[in-house]
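Written out below as structure tokens is the structure these notes cover.
To keep things simple, chains are lettered A, B, C and D as they appear, and every chain counts its residues starting from 1.
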Amino acid sequence: MPKSVLYTVETRKKLTHDTYELNLSGDTSAITKPGQFVNILLDGLFLRRPLSVCDWDDGTLRLIFKVVGDGTRQLAKVRPGDTLDTLTGLGNGYTLTGRAPILIGGGVGIPPMYALAKAYLRKCVLPRIFLGFRSPDDAFYIDEFRELGCETAAAYGSTLVTDLIRDRQPAYDHYCACGPEPMLKAVAKMCRGVGELSFEARMGCGFGACVGCTCRTLTGNKRICVEGPVMRSDEIDWEAL
Amino acid sequence: MPKSVLYTVETRKKLTHDTYELNLSGDTSAITKPGQFVNILLDGLFLRRPLSVCDWDDGTLRLIFKVVGDGTRQLAKVRPGDTLDTLTGLGNGYTLTGRAPILIGGGVGIPPMYALAKAYLRKCVLPRIFLGFRSPDDAFYIDEFRELGCETAAAYGSTLVTDLIRDRQPAYDHYCACGPEPMLKAVAKMCRGVGELSFEARMGCGFGACVGCTCRTLTGNKRICVEGPVMRSDEIDWEAL
Amino acid sequence: MDTKITLSGLTLDNPIIPASGTFGFGREFAAFYDLDILGSFCLKGTTREPRYGNPLPRIAECPSGMLNAVGLQNPGVDAVIEQELPEVAKIFRKPVIANISGFSIDEYAEVAAKFDACAQVGILEINISCPNVHAGGMAFGTDPKSAFEVTQAVKKVTRKPVYMKLSPNTADIARVAKACEDAGADGISLINTLLGMRLDLRKRRPLLANVTGGLSGPAVFPIAVRMVCQVARAVRVPIIGMGGVSCARDVIELMMAGATAVEVGAANLRDPYACPKIIEALPGVMREYQIEKLSDIIGCAVKE
Amino acid sequence: MDTKITLSGLTLDNPIIPASGTFGFGREFAAFYDLDILGSFCLKGTTREPRYGNPLPRIAECPSGMLNAVGLQNPGVDAVIEQELPEVAKIFRKPVIANISGFSIDEYAEVAAKFDACAQVGILEINISCPNVHAGGMAFGTDPKSAFEVTQAVKKVTRKPVYMKLSPNTADIARVAKACEDAGADGISLINTLLGMRLDLRKRRPLLANVTGGLSGPAVFPIAVRMVCQVARAVRVPIIGMGGVSCARDVIELMMAGATAVEVGAANLRDPYACPKIIEALPGVMREYQIEKLSDIIGCAVKE
């Protein structure tokens, strides 16, 4: 169930030239699954800005975001003690299926993979991590995944995460991916079996009211903010996207 | 000549339940006369908010304002260290005419009278001060005027400043007034000779570009932000206002 | 403090009504608050057939507002009546407003006739901003003649109050409103969204897949106030005002301009608590402006 | 980085032009910066006779914008030519755009004929948003027929390029633009302000003495983008786009929507440095979007 929470900024950290990590404190009880997201109201902007939950526990929440426009630019300037009007616990999240999953993240699709990896680990499942970055300068969180104990590989630039997976030939019984649409498509095409993919859409509300984010799937219309952002790879209608 | 200056808030003081004093630091070189005003840009508001210069010296500026709407509400929340994007040195100001002036202020028309009193004093002219407030709870700056050495009288509620002046019968050769229009009109009607009155208008720019503030006078059209806000009592066309 | 108002015989506890298309069928908001605090609410725009609407992206950010090009996604009138209305009944015990869209006069009449049979529906709001497929694609609502025809056709098939919802994309909204009144409309709703557009500078193409979208949010409020006033001066039937309302002060302003009730649209998307906050703030703002009875101020600022 | 653009044979160093009515005759801005950095600038709207305009208040705040009801205050065409133009020459060495308003076709033609004789004036911008006193007070610009007639009348009396400035308060701006082009217009300027209104809740009456006013500022930007695009698809003559432009990105967006040059209005009032800031930011933003030559992007995002 979504909830409206005023989070307090605890720390802000610059991870790369354009990517930041925010640690917030406040009520996280609405967050139940990795892959869910929050939606943040910012001064002078009309729509909220959706960001994936990167990590959370009782009372703290971590986000990672890349500066791409006015909203993220403003977010990169918050200071400890500032508050963020946030809708939290949005979306469906990943199902934590499988005993040997691979987690595939591209760019700002990487943050949710961190919470997902931790959730698998709590279930005593060790996921393998594949990350894609535009360049080594854009890389972040490789060490953090390794510190969790996960084997972590990274691809840069014209080498794609799918190349990486093809090379390494990991044994897996499930895959979870988040990243730009072309990446998701390549992953779904290459990976065996049915995986879970997390999608983005421009959102009017983020909690299911406006149907601004509804996409067609093979199993009917789905609101990316409620019935998504995570969807099964076998329900995606790639033509309709 | 107007100037664009980023002032820094030094202190904010609550004077009454709804009236605040701000002390700012920054370039004040554009301010040359009491009665001039500044025009302040505030977050999320389109138009700047005009406020009279209450006092200034080399590098500091004082404003006093009453909370009446979104802009002044926001201004009442600034903290030391905050900056204010301000156009400064706007308007014509008072001429410092006379050897025995009376200064008449009503409500938020009082602030400019403070700088005006000080300017007269610098010329070795001792003005007498008449202030009007809605109620004793709304009163401010009576002591400050007295500390300058000026005889200061205050009227409250249904007693008007004009009643006060009629009672006290001060000897004067010039008068300067700022306050609500009905007060200015009553003052102009009652006082002998030609005085100076400061007017308000909703402003699009504050520096003469939009003619949004142009009023008709007996001596032609005048932009309240450039040819005003101070005008001679004998040029006012009270019918046209 | 009396916040009651009456629309064509239907008395609402307060004038606050979430606008069509911004409140779904209420379900998402029932997770945030008890819907019964609302005056009423407007169902999602309903058409004869189910519609997916437009491809994504459908939403764009604007200064003090947003564009939407949802394109009337809805499950069709039969599903709304059979599946949605019973669900609505569980979370809202007052009469709702059905919002009807169509691409032909027949479609409007057919959908209206179906809703006529629903006890739960207190008012029919007829959205005539849709393109008229039988008249070159210009919206019904930009032309007084087709507005008249739709009104007449709908009035024939229902005994419920019919409120015609007007598009602001017209040079003379009062004329369209008058045409609706002449055809028997019981009230007028306005404004729908203003046609707008944003570009994706990187991709060098329109941001919305549909190219254009409807602008709503605070940006349009001054236009809404003006149009409500113009229509209030042109017709005698009650007006439901909307367009950019985001606080209790805006409600008072639209009512003083001539609205009897007020719909709140985009504000619900930005803040799911927008309506409860407005309802909570109303008495305080009424006090501030010395309003004892909200219905006293309808049109008070724009009497000619 | 090439920011040059050409309007009917007149090449500007950059597409930035302060909009009529928001820049006076330039004097106030010359106190802040050297005007010669501008592409050009638009003089205050000029009528045959001197006009005081509307009573105060003339200005109201809006979300992301403002209303103005200045009412075409100006000293009249003779004073503009005899007194203002020589003063302008001292602070701006490039050709200016004269902006002409009128309440009859004769008035437009008469004022245009007078400006035709001024070497300093590079373009005539004909504002047809004014009420047509000979046709029931509806604005010339809302009706294709009167737009045609004004254009034709003005074209007859001048050899300077004639740009017709359109009102957005119309259901079909492309039709009006097309009528102007058909009548020989050399270009189209758009958009003028949208009719809006605000109330004074305390006084229970309209905030502006004139009751309604024109909405401008960022709030109207998505409407401007849409209309520039619609007109760009309807006509072949160059377009000067405007409406809510406040940063270099907005300039790129309007140009990609079809504008050859861009006017900046209300932003100048809010920040006297708005235009120099935009001009300074342009090359950086061009780099960001991989634009070598600004004139290359005109209409690139809205090709059908």
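The rule we apply is simple: a residue touches a chain if its C-beta (ideal position, glycine included) is under 8 Å from a C-beta of that chain, and two chains touch if they have at least 3 such contacts.
The model shown is predicted, which means the values in this text are computed figures rather than measured ones.
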item: Count of contact steps on the shortest path from chain B to chain C; value: 2
item: Chain located farthest away, centre of chain D as origin (C-alpha); value: A
item: For chain B paired with chain D, centre-to-centre distance based on mean C-alpha positions, whole Å; value: 36
item: Inter-chain centre distance, chain C versus chain D - centres from mean C-alpha coordinates, in Å; value: 33
item: Separation of mean Cα positions, chain B and chain A [Å, integer]; value: 55
item: Residues of chain D touching at least two other chains; value: 60, 62-65, 217-218
item: Contact graph of the chains (line, ring, star, complete, other); value: ring
item: Every chain pair in contact, whichever chains are involved; value: A-B, A-C, B-D, C-D
item: Residues of chain C touching chain D in the complex; value: 60, 62-65, 67, 138, 142, 169-172, 194-202, 204-206, 212, 215, 217-223, 225-226, 229, 244, 249, 252-253, 256-257, 289, 297, 300-302
item: Chain D residues within the chain B interface of the complex; value: 21-24, 27-29, 31-32, 44, 52-53, 55-66, 68, 70, 73, 217-218, 266, 268-273
item: For the chain B and chain A complex, residues of the former touching the latter; value: 43-44
item: Residues of chain A that touch chain C when the two form their complex; value: 1-2, 4, 41, 45-48, 87, 201-205, 207-216, 221, 226, 240-241
